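Which chain is which? They are A, B, C and D, in the order written, and residues in each are numbered from 1.
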Amino acid sequence: MDIRVQIDPFIPGALLDEFSGVQTGAGAIVSFTGLVRDLDGELQAMEIEHYPGMTEKALMQIIEEAQARWPLLGTLIVHRYGTLTANEPIMMVATASKHRKAAFEAADFLMDYLKSRAPFWKREITAQTADWVDATKADEIALKSWD
Amino acid sequence: MDIRVQIDPFIPGALLDEFSGVQTGAGAIVSFTGLVRDLDGELQAMEIEHYPGMTEKALMQIIEEAQARWPLLGTLIVHRYGTLTANEPIMMVATASKHRKAAFEAADFLMDYLKSRAPFWKREITAQTADWVDATKADEIALKSWD
Amino acid sequence: MTLDVLYFAWVRERIGVGRETIETAASTPRALVDELRSRDTRYAMAFSDLSALRVAVDQQLTEMDASLQDVREIAFFPPMTGG
Amino acid sequence: MTLDVLYFAWVRERIGVGRETIETAASTPRALVDELRSRDTRYAMAFSDLSALRVAVDQQLTEMDASLQDVREIAFFPPMTGG
């Protein structure tokens, strides 16, 4: 279990290779990278706020829940906070397992739980606006699909 | 659409960063890496045979099918052939989309189709044996789940 | 009872502080919200729609009717939007 | 009709070659299999269980009863195991 909540940028490929390098016996590795979308070139910055202390605990609980459901050899969650610009990686999850279905499902699960259960909040800054991103119904439905 | 069928090794993280670097407007990137499993330290090599000409066509058809089903911004499939050793990457798929569910589902779909529809055959070499890997019922069931 | 009360995102902006220490006898988050609403319009604005709010007690996501017994820290915030 | 016939994996090993050119009047892959089986025990061994075989015609996966009209290349192989 590797959890990183950081203000610094990260390079997804470098992290993927680092993650893969420490797995033993894995046949399948899935990664998800979330990037700052451009909003038709209007976005000046994305600001991410989080709840220090609770964030790490919540991510650990989410990973423990995934480990209880799938035979995972390794899991990684990295999430940035602070000020980001368009196309920058926001976060990444990675899972390693013997078989592909476990790796896929666990990564999908980690994302759904992280979206709705880890205390991060995003705000999109344009020349005119500085709006907090709304949680979507789709995210809530995705979460419930694992019940 | 980026399809590579190659004898040379590749570095998944380097490829992921290369793939991400050419996407525009993507919010979500999913990668799957398949690795040679170790068979309790018994594996001396994995040999992969393929059907030159048909392989590239089959992979292209699989990607076109995925593009028809999900709004994908980019897709990548890399698959090696020849002689590989334990823990080496065999293949990788990557998908880019605006939203995470499309990227996840399309990567999962590409893997299921590639497994049962792209002309690759694997053989595991140990000190005693050189057995062709059997196709599994699970792979056939996974494929049918997309019908 | 003395509680550390934390606010995040637009809840923090409406209330104007990210963290404060509050002396209260409230037994649930909901009771604390009612008490704060009556103190100042900033709270009334931030807490106008409880269905748009989430609450964590000692850094654990919970319900508005959870117990505040032995709690040190409580946080109010909008639905999360990470990932 | 002249056909390029290709074999892969254990089918190739049992037949002993990866590719050969065959003169045949078979109208389907199944008819070609029957013809080859009667030619030599190597084919009888390779094609003993048709349910364990896959066929591609002009590099397109197809069925044993597909038409071989205007076909240049046909391939027999076990179920694929890539990925």
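Here is the rule we go by: a contact is a pair of C-beta atoms (placed from the backbone, for glycine too) under 8 Å apart; a residue touches a chain by one contact, two chains touch by 3 or more.
The model shown is predicted, which means the values in this text are computed figures rather than measured ones.
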Hop count on the shortest chain-contact route linking chain A and chain D comes to 2
Chains adjacent to chain B and to chain C under the stated definition are A
So how far apart, in whole Å, are chain C and chain D when each is placed at the average of its C-alpha atoms?
71
Centroid from C-alpha atoms only, then distance chain A to chain C, rounded to Å. What do you get?
26
Multi-chain contacts in chain A: which residues touch at least two other chains?
34, 100, 111
Two or more other chains are touched by the chain C residues 83
Okay, what are all the chain pairs that touch?
A-B, A-C, B-D
For the complex, give me every residue of chain D touching chain B.
6, 8-10, 12, 56, 59-61, 75, 77-83
Counting only contacts in the complex, chain B reaches chain D at residues 34, 48-51, 53-54, 57-58, 79, 90-91, 111, 114-123, 132-135
In the complex formed with chain A, which residues of chain B make contact?
11-18, 20, 24-38, 98, 100-101, 103-104, 107-108, 111, 138, 142
